[in-house]
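Here come two complexes built around chain A, the first alongside chain B, the second alongside chain C.
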Partner chain A sequence: MVRTMPILLMDNDQPSSHSDPRRQLQMARSMCWHCQSEVTGEYFCERCVKVQPVSKETDYFTCLGFPRRLTLDVQKLEARFYELSRTFHPDFYQRKSTAEQTISLSNAAVLNTAYRTLRDPIQRAEYLLALETGSVKNIRTSPPADLFEEILELQDTLEEYRASDHGSDQGHRLRTTLLTEQEALERRKEELESQLRRLFADWDKLQDAGETTSSARAERDKILKQMRDLLSHRTYVNNIVSDLAATIA
Partner chain B sequence: MAYSDKVVDHFNNPRNMGSFKKGEEGVGTGMVGAPECGDVMKLQIKVQNDTIVDAKFKTFGCGSAIASSSLATEWLKGKTIDEAQKIKNTDIVQELNLPPVKIHCSVLAEDAIKAALADYQKKADEQPADTK
Partner chain C sequence: MARIVGIDLGTTNSLVAYMKDGQPCIIPDRHGRTMVPSVVAVTDNGLIVGDSAKEHLTRNPERTVYSVKRFMGKGLADVQNELAYFPYSLTETDGVIRIRLGQKSYSPPQISAMILKELKLRAEAYLGESITKAVITVPAYFNDSQRQATKDAGLIAGLEVLRIINEPTAASLAYGLQKNTQGTIAVYDFGGGTLDISILKLKDGIFEVLATNGDTHLGGDDVDRVLVDLFIAEIREREGIDLSGYPDHIQAVRLEAERAKIRLSDELKTDIAIELPEDKGCFTRELTRDQFESLATSVIERTLTPCRMAIKDAGLTTKDIDEVVLVGGSTRMPLVRQRVEALFGKPPHCHLNPDEVVALGAAVQADILSGGTTDMLLLDVTPLSLGIETMGGVMSSLIRRNTTIPASAKEMFTTYVDGQTGVDIHILQGERELVKDNRSLARFRLKVPPLPAGVPRIEVTFLIDANGILNVTATDMRTGQSQSIEVKPSYGLSDQEVERMIEDSFKFAAEDIGARKLIEARLDAESLFKTTDKSLAEAGHLVAREETEAIRTALSQLSTAKDGTDPRAIRGRMAELEQAAKHLNTVMLDDSLKKGLQGKKVSEVS
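Showing the complex of A and B:
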């Protein structure tokens, strides 16, 4: 306690960029809950070898030891996940203290969520957006009006098809229309996803360059906004595609 | 969490579902969506002498979104433009007993009302210019 507090206060006194609250929180937790010594190891106290809780402030990328990039090696991610799962698995803590059992359980839970989120490229991007913009809702998207019209019209056709006699001529005709629409929408979804992948690469490149100029910041905001638009666009298309697939299957 | 009786009622017997004919006079259309869940809502009002005489909706989404927009159209009928502006999403939440995870559905309905009113206003403002 005594050892870490002064550092925090000094940070607060300095009006420099060091007073990032997230840094302070990480420093504050870098003290072993058990022996109060400073934790230098990643997940265990080096002195008393007790497991340490993954901080709530730790983002999923950090948790799994990956940089905040959108293109990542899923195999490496999986390997890292298994490794950490073994480290935190509650089974290995059955004979330890209650505190250690609780920590291992909550660490395992965080780890599972982190892995599930980062494994899927779309969820990964949604998560990164939330991290980078505070809340996803901070970026307002302009609703694609023509897409909405199309979706609502398609819903009408779907409704008509559901109500129709599937063996009748009308049923067949509606089914053919829906199948054509489904193919077109699948293609649209793929196109949106490939646009997203290009944006992912742009984001990674920008992060790798690590520039803090105002033009780099503007570029960053532009990428995030475009990503938000594409992701929501994709959600709408994805929803109607699954609805189509479920109805005409 | 189960849907409240009111949500189920609106879902099973949606009020004012459908849309007005294209080009019908005095109609304002609001089209909104929730990017998080992919719900799409279309809400239309028909205005005569500053009063909403009819309202219709079409919603593609979950039960709460359908109920929120169905309720919104019921409330809109008979209200003046100014009164309609005052409908808040919290009123919808209260009436339908929406759980916290479904509050965004009521927000969507409020956005749809606002968008429909704005669209009507825009069209009404353009009208005199056309007739001049």
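Showing the complex of A and C:
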């Protein structure tokens, strides 16, 4: 039998796989698509005042006019997003040509993705990691090494609980165990998040210093590696916590 | 730019509005009525829409369609459990419900188009210009098929639908314009057939939707049904009559149930009276608000789950909501207000006219599109996740619910076996894991070059536009060529069918205009008949006997003409009656003036 259902080429577990900039931004810029003069203005051709497509090379940080840092002022980000929405939203292109409408639509879609990605600290970090390491693959989720045993056990308890009569004594006992586990894992998640925040600050400091020495490069790679591991652990723990919460709710 | 009107195409009532000097206004008909009941009747003399069609609900139940919005973008299986409530017969062709009326079948977009045409004519008559562009509202929780069906309805009605906008967000525009509020608001819209809840952040003219949720099959209709079921059961028990064989009486029960419900919003108890078939007399009972509320509470309770989900999805708690705005006729129920207040912990804002605010907001959005209003911008979201079917019958999400629109996502596809020449893409919408639990939107087949498995690279882009409608494009990444794909909607009309319906609608337009003239002539004749008859009774003694005789003759001639089908004959008889009663009217006017003057001091008259 010929299987004609699609095979996804990209790992599709996480929404962040769609925010890969190299797939998201497709139109190139430098020459105005309309009058062919060189574009110097930020979003509009200064000669013919036509809106320009967001360039292929533009990453989400550049798109929203923020440096590649992991701590950022969310109020300012929002203000910038609103401002750019007023620039690109299709509502304001209703009376323009079809070409301009198409550009406005695609720019607005990119802007929305950019804002959604940068607004959330975790997605922001995952995105930055993808940018810096040039990896298109998702960060695989993996359990923290020291939690491995514990989580295997937890999976068993979960299975047992699902199969049990929730009203029975055994059901109650399992539920209590799971609740305690949930609390412990929530704490672990918070711990991972505060470790991440410290790492974010380290990254920003290193970027601000702007050194290009080999030791700075090594430091940078070290931070990125740590960040990748922490992010992957955090996602793993987070998934388990939501699974737990859903089961005992 | 030609004027764009705003239309609220409701389950129960529809309205059209426009922007006048920076303020949105509803366009009334010539009797000053703002709402057009969303009812279409097929009579022997043609189609009628609105108030006059409403009369046919009990007279002609099999040929009078109401609540057609519940069928938009649906297949027959979706509405199986409510078929018993509808007196007209429903079938399905090509995944689209068809409503059989007399000799013809109509799709829900065609019926909706008749309502839209009525609104279009109303606007044209009022504004004295041709109207070809509109913004039309839909429930925020409408899926892609339902939105597409609404757009099709516009096309069939001869309207270019410049934007499909969500009802609660439209309401927020009207609200924001009036109140100039900043902060977080929740719009709870409970209408005739649908429930929507939207959480928005209002800041410096930006209306950003944070989350939306709802149920497109939950409204005042469902509250009515609780009462209908009760009355039908009681009639069976007490009177031994099974009403299921009497569609006209079922309609009468439904209408009485709705009226009783409405009365109980103001009164604590009310009397029910339902005429029984075959001269079996009348079924009567008293219904108290308490009794009603204990029956309706399960329906009202169901509206609260979507509210909680929306608040959660917005990442907020009820404490973060600064204001709750009520929209839709069903929010007039005291029980609804209580439950909403209890949920949000603050009394809701209900100073807007819940019937009109959606249409007013649509007019504001129309003004934004035409460049009139420039300081307001609505950033809406897609209510449901969008994805595709992958191997194993699992849905893989590409765009999550509550993502700000426009939104896009890309996916790269390849093949599973060597030499495969096509890949089937099945587009889904919904929140569930498995394909079968989500809504199938459409399917299409991607052509791939016959290459070893895994080598072809086809990139598919999903783009949700500002209407919340999905557009799909595909590119062969190896050649860079874009592929035209023919998307087959799962629950929608094909483009060809819409084309044909547009043609049909032009063909029938001439007939419709004829029918319309007749109906209008009859309505006018009716009102002239009544007023003249009344004058005759009140003041007949003031004029000569020959005159009253002449008026009586003219009255009976008009009455005969009214039953005929020639609008010109009716107008002619009306003119004759007006002529015959002219003197009587003058005499009456003098008389009433005289009476009015008596008892007034001379100084007051001048």
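Throughout what follows, the second predicted complex is superposed on the first by the 209 of 249 C-alpha atoms of A that agree within 3 Å, B and C clash if a C-alpha of one lies under 4 Å from a C-alpha of the other, contacts with A are read in each partner's own complex, and residues count from 1 in each chain.
In the analysis below, contacts are C-beta pairs under 8 Å (C-beta built on N, C-alpha and C of every residue); 3 or more make two chains touch, one makes a residue touch a chain.
Nothing here was measured: the structure is a model prediction, and the numbers come from that model.
Colleague: On the A-aligned overlay, A:Pro90 touches which partner chain: chain B = first, chain C = second, or both, or neither?
Modeller: Second partner only.
Colleague: On the A-aligned overlay, A:Gln195 touches which partner chain: chain B = first, chain C = second, or both, or neither?
Modeller: neither
Colleague: Touching A:Ser164 in the superposition: chain B (first), chain C (second), both, neither?
Modeller: A:Ser164 sits against neither chain B nor chain C.
Colleague: Taking the superposition on A as described, I'd like to know which of chain B and chain C A:Ile151 touches: first, second, both or neither.
Modeller: Only chain B is touched by A:Ile151; chain C is not.
Colleague: After superposing on the shared chain, does chain C or chain B touch more chain A residues?
Modeller: Of the two chains, more chain A residues are contacted by C.
Colleague: Between chain B (first) and chain C (second), which, if any, makes contact with A:Thr113: first, second, both or neither?
Modeller: In the superposition, A:Thr113 touches chain C alone.
Colleague: May I ask you to decide whether A:Leu105 touches chain B, chain C, both, or neither, giving the answer as first, second, both or neither?
Modeller: A:Leu105 sits against chain C, while chain B stays out of touch.
Colleague: Both chain B and chain C touch chain A; at which residues?
Modeller: Touching chain B and chain C on chain A: no residues.
Colleague: State the interface residues of chain C toward chain A in the complex, per the touch definition above.
Modeller: 1, 162-163, 203-204, 206, 208, 365, 368-371, 374, 377-379, 388-391, 396-400, 403-417, 420, 422-426, 445-446, 454, 457, 459, 463-466
Colleague: Would you pull the chain A residues touching chain B in the complex into a rising list?
Modeller: 136, 141, 143, 145, 148-149, 151-152, 155, 228, 231-232, 235-236, 238-240
Colleague: Going by the contact rule set out above, which residues of chain B touch chain A in the complex?
Modeller: 31-33, 35-38, 40, 42, 58, 60
Colleague: Show me the residue ranges of chain A that touch chain C in the complex, using the header's touch definition.
Modeller: Chain A reaches chain C through residues 2-10, 12, 15, 18, 23-24, 82, 85-86, 89-92, 94-95, 105-106, 108-110, 112-113, 115-116.
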